[in-house]
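Here come two complexes built around chain A, the first alongside chain B, the second alongside chain C.
Our next item is the complex of A and B:
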């Protein structure tokens, strides 16, 4: 067979494998699958041409980049890159628009591939220069991202500056109007260990009286006639002091910081003292990511007992050209940033890109993440193969480097052609796969489906990393549930990879590991 | 501007300090990050601290009422307006949100119709945290609307709806003016003192302390390098000030010299702070400045250090092209439509709404 044709065939085969795994084995991360493929391939290097294997992997990574949206939207099983559009994706699914979300992601991915293929070959010199300039400063760039993650999460405030203490009946109105404090209020407060001192009653609002005793302010609130129950017409409230309001609001932010701290600790643990057996240590990150993002999301789906409504297979995504440009542009810049800077994954870069370009619309965000993750995965491969650059980032380059050293521009252009073809094929598969799975989730109970996925994930993790991997996954799951339960940012979970790499780049990783008792 | 934009401008300012850049690649110093943190600080102080310390004279809290009553809300707003009119004192009102489930909120809207001197409140549908309305959850129209008339001269030309739905709700301050009229100020606590030159001076020493503390913690002993401490102070100060300066390009402006000045001065009104292209453009400039500085302060620069050539090619030309495309698109989109007659007040209101809805700050991203 013609060499070039064979190359394309291998790439397409890779895409088909990625399609099967994405649709039927949710929860598997592309780099873990790739690790196993390379492990199986190494003894067969004489049988299969290394460049053909590279083509297979390129097809697979392109396919994953586009088709993993199926797992994320329909099976609640996101990975570290899709977890951040999982929420809007789920929203679409619950509105019966899962297919629309999948298509928007797919369009974003196609934009990513088109931009990558058309821009990168002309950027070799610029990117080489950029690497030379930025490399010595990577440590503070990652540090800056961490600092931004920590300070930029807003505390969740639901507006309460008063807490309800108890209710009383309207028969006390006359006393309040006279400026007297009814005994029932004094007793009610005493029961709650709040002793009223020399207090005064005022009526600053038509529906409320204020009782001030110098230390605290209590409010007697008249409930509207429609909402009041007989005998419980007035509500006694206590005005919270400012610091208490801050403390209340910061509960969610504290949960975010706790998540960040725990994820950092877990990251240091797996970097310095992983419990996964040595022969499978290259899969250490798999149980961690699956636990943090997929299992926690599945548990949430199981607990919430949601029902998937009938899915509407829309023929249009109803998105304006300017929004496509905004989503695609933001996604491309975010993705290439993630592919270029170590430790930065599409989750983080997508959030930064969203901030940088002022994205607010769900559709634009979903689209930008579709572009972002494809550019990240495929871009990592392209940057590795790009002449003058050969940038080694992420699992892709590490795995490929085991059997292939990039050399010529022709190789790069051939890979680029394969990526373009595979991207197109993957998008076509996505259309039909999404329609198929949309029908499937209507017929099967969502809980059953999630339970099936959970069992599948446990089996895969057990097979790949043993019982130690399961233990690691459970710890990661517990950490992954913190932001879900306390409504804080899931982005903090990415400290699992960002913090150890930042500390190591800043030259203090081993000191901190020693402080944590890990070395 | 968006938080990330301010963060990045702070980083860009920090890289202007050659000693800081060189300390970063020679000693793995993290000093440049201080610029980002202090660039973000003014918004942190407003949205993550000040807003919780604000006491409101009136609080609409539908969760206390069990049923949401639009007429009651409209009446309360009018009462607050009349309170400000009668007492001559600033009166504030907060519209709390109504959370009904893990991801469900009741939406309601408030409109100040200054022309007809009335407050209109409309109860909307249930919405998710992402503000997606749940179909079929709107109350019947006759129960959904409340209207109350006020008797005052209100300075408020923006008659669009303000929605209270997720997280924290909006608030207004009703401020009596010398001429007897009442000025309605949306989120009055924003840019009141935090976005000022004086606040920068007050907070920069804290940055210096933070720098010394972190440096000592990482070194495991007390470390104080006077030169680097001064640089850290300057980075914090300029990082903070650049936030204040960048915000002056928007509509709202800020109170620049509290306690010597009491009121917000108007911004230059060049653009909306939430405008995508303004944020993107500012970030582009910041990245250009950062790269230029990293190269300029490198012992062996990798490209030209001629600033005119560099910024012309990397910043001026690309941004000019981008802005031209943007303007052409806007003109094309508006073709055939009546030009939106946005008043200054409306624009300022929109800017505040934008800042209230920071990306990723209110959603579970």
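Our next item is the complex of A and C:
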């Protein structure tokens, strides 16, 4: 029993380390931290039992899975898995509800842990069978996912001829009905450098008002009561003339495809060339992911000049049972899909899951991503240790396989115990750490905070991967800025790993690399 | 916050409920971290204390987050409607509270404890066969039960009184090295439980497969290493000394009684002791330095010439075509009766040589003999007025003998009569009789001058 207790002790220590990093060293990806820990551990294998180190990593992954939301929401430093609820999270933060967003993610994470510890132990046989069935088909499954990513990057603008400018509340209906232009619209347009001249308001349709000033036509569109967010019931749109309509409509799609192409090229480059120093080759992905997701988000935050409003530390969360079930269910399905299929990460699986289960609500989306992320990271570890399966997936298996090979049911049950206990501890820490960081970020300006995080990230990347890593990160940042600047989906950035793995699984990776002059 | 906007009601990081829950959590974490050192009780009490603190938190006022109708529960901004915030759209009625979430999350603690209990039911690792291990098993947790077939290697740590033990083990299907790491080794040293040649061990650890089929398991946990009790067979020197290779099994655990009649140290390698009986049969006891490094130094002053019982593994010494014993510990050489001195028969050189075999393994004393040949202070011959023949004298290291004497010097000799078999085939004609002056005994070979100083 002493061995078991020592296992739990190591796991709890791992969770505490994850908590510290998530709260005070934003921007670090869990697998990079894990790589660093393993690097330190290998010379000490005689001193620390490998299984204890595995428990430490399990605690750390569980802690990261739950607590990394702090880094994403408060420090705008997401990783490849949290980047997709970054924007809704930021919306909550700007509403003074950063803590509530963290708690919604936390609830999702809690559901993820519950499902992992209650479902996986009883699905060994089924999952082993599923792997046998899926393995020969992985290449075309990934190919289909890539096709989905490209096809679903549809033209963004409303009706293809109108672009959405901003939203206003329904309080202004009376003014519009009287033919007056509300001040909020004049101010909103002025903020976007559009001056209204001699404009007139008409109501050609029951749910729309038109404002024409001779040069441009603006439409105030009433969103259906069911889909409207309180305070944002009316949408102000600008009607575009002629060819501009097509250009605007396809701008985001072109940016999305460009992002996809550039990320694919970067992925092929890092898969076939060792850019970072050879002794740090296992950290190659770190500057790439940090550049694509964290640095680009921080740059956006720096140039956007936003101010974090005072945060309200709510003691309850606005979420209903049905939404919890919807978000948790969708998150679990997409998370386990990501944990099971190579190259698929929570971002991609979240998009697939969201489409499959019809998630539209920000709240449910944030929660589903919380579940998805935990199920992906912690599930990858659990599936790696699951008897009859021992699925090797991602950075977790690569790092752990350097010193440990799983085999027994006892090991799996111990890991499951650690996941449950550390999940509980991480969740409680999340509640209070989120409140603490919410108060912390209020006291410094958003720009100062982001600048600090940016300097921190540069230092860490330089320390871990040298000047070559910085160069790689800058290239990745430039690519990461494309979807941010042109309002396309960041999901396309994941082509950085999806495309090389897909090409390799299809058996044409080296041919394409040679075509690109990489080998 | 824009000008004129109503202030946000922000809330506290730690209210009364929070203080209790965080205190409970801190105690729980401390107890969980301390539990490997304190025991299962710390683990269970940690969980119990946390629940007690949660209980207190629930019964304290203020844990409920009910709308005051003034500010929104989600964003803290002033409310215009009772059920839904007009600014953020959050419902003020259907909400999940922190305490409810903590209560639900607490189930995970119990689930974790249940899985720990379940793990203990599957704790036994299956025994593997060495012949079935493959490179693909690298890093797997492997359990091997087999016999130690070579004397243990020991690599001491530079600054700590411990080190690494390496054993070659055969399980009947193949050989594998078992490496015991310093922390486990220090426990074994403390428990005086050192595995030795011939011991059957049950060990478990991660497998490392190297080049050329080299395989090793690394034992990192004291509980994963066990020496299986093996029956020790009592045999006599008479049984062993003439015995052929097939008479015994290599690695058999045996116990033999006899007298330590010789000692020889190969510096940095081993001690070799001669265990003999009164009939002159001798058996080697091979004590590698690893054994003394792990179990303590040999007390030669006590052991030499004492009657002892030696327990160890039987090894066939190929060059000498004889059996030897390798003990696991210096404590396996147990003194039955210490050496108290011998009774010497006073004879002349002629008397001895006339009927040498009658005095073989007996103790004789020669007075007023002359050094007839001198190779070194440890090998010379003596004669006396009774004969022109000489008898060799061979001196043990550290024996009581004069130094710097030369041919013609008169001296007195007393020692043990033995036959030096040149070809090691026990044929008297091909060897010669000699008197052996044993260290740490009442034997001596002293010149007249030294005799006057007292033997």
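Just so it is clear, the second predicted complex is superposed on the first by the 427 of 519 C-alpha atoms of A that agree within 3 Å, B and C clash if a C-alpha of one lies under 4 Å from a C-alpha of the other, contacts with A are read in each partner's own complex, and residues count from 1 in each chain.
The rule we apply is simple: contacts are C-beta pairs under 8 Å (C-beta built on N, C-alpha and C of every residue); 3 or more make two chains touch, one makes a residue touch a chain.
Since the structure is predicted, the reported quantities are computational estimates derived from the model, not experimental observations.
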Inset, instruction - Please indicate which partner A:508 is in contact with in the superposed arrangement: first for chain B, second for chain C, both, or neither. - result: first
Inset, instruction - Please work out whether A:95 is in contact with chain B alone, chain C alone, both, or neither, and reply first, second, both or neither. - result: both
Inset, instruction - Have a look at where A:354 lands relative to chain B and chain C in the superposition and call it first, second, both or neither. - result: first
Inset, instruction - Kindly classify A:46 by the partners it touches after superposition: chain B alone (first), chain C alone (second), both, or neither? - result: second
Inset, instruction - For A:410, select first, second, both or neither according to whether it touches chain B, chain C, the two together, or no partner. - result: second
Inset, instruction - Based on the superposed arrangement, let me know which partner A:424 touches: chain B (first), chain C (second), both, or neither? - result: second
Inset, instruction - For A:17, decide between first (touching chain B), second (touching chain C), both and neither. - result: neither
Inset, instruction - With the two complexes superposed on chain A, say which partner A:124 touches: chain B (first), chain C (second), both, or neither. - result: neither
Legend entry - Overlap of chain C and chain B interfaces on chain A (superposed complexes): 95
Legend entry - List of chain B residues in touch with chain A within their complex: 2-5, 7-8, 11, 21, 24-25, 28-30, 32-33, 36-37, 40, 44, 47-49, 51-53, 55-59, 61, 64-67, 69, 72, 76, 79, 83, 94, 96-97, 99, 102, 128, 130, 132, 167-169, 218, 220, 274-276, 279-280, 283, 291, 294-295, 298, 302-303, 329, 357-365
Inset, instruction - Flag every residue of chain A that touches chain C in the complex, lowest number first. - result: 1-6, 8-9, 12-13, 16, 45-47, 49-51, 95-97, 100, 103, 106-107, 110, 113-114, 117-118, 169, 229-231, 309-320, 324, 401, 403-405, 407-411, 413-414, 416-421, 423-425, 427-429, 431-432, 435-436, 439
Legend entry - Contact footprint of chain A on chain C as seen in their complex: 1, 7-15, 17-18, 21-22, 25, 28-29, 32-36, 39-40, 42-43, 63, 65, 72-77, 84-91, 94-98, 101-102, 104-109, 111-116, 118-120, 122-123, 125, 137-141, 164, 181-183, 206, 218, 220-221, 223
Inset, instruction - Report the residues of chain A in contact with chain B in the complex, numbered from low to high. - result: 84, 87-88, 91, 95, 129-130, 132-134, 136-137, 139-140, 143-144, 147-148, 151-162, 164, 204-207, 221, 223-224, 226-227, 235, 237, 239, 242, 245-246, 249, 253, 304, 322, 326, 351-352, 354-360, 362, 483-484, 487-491, 505-508, 511
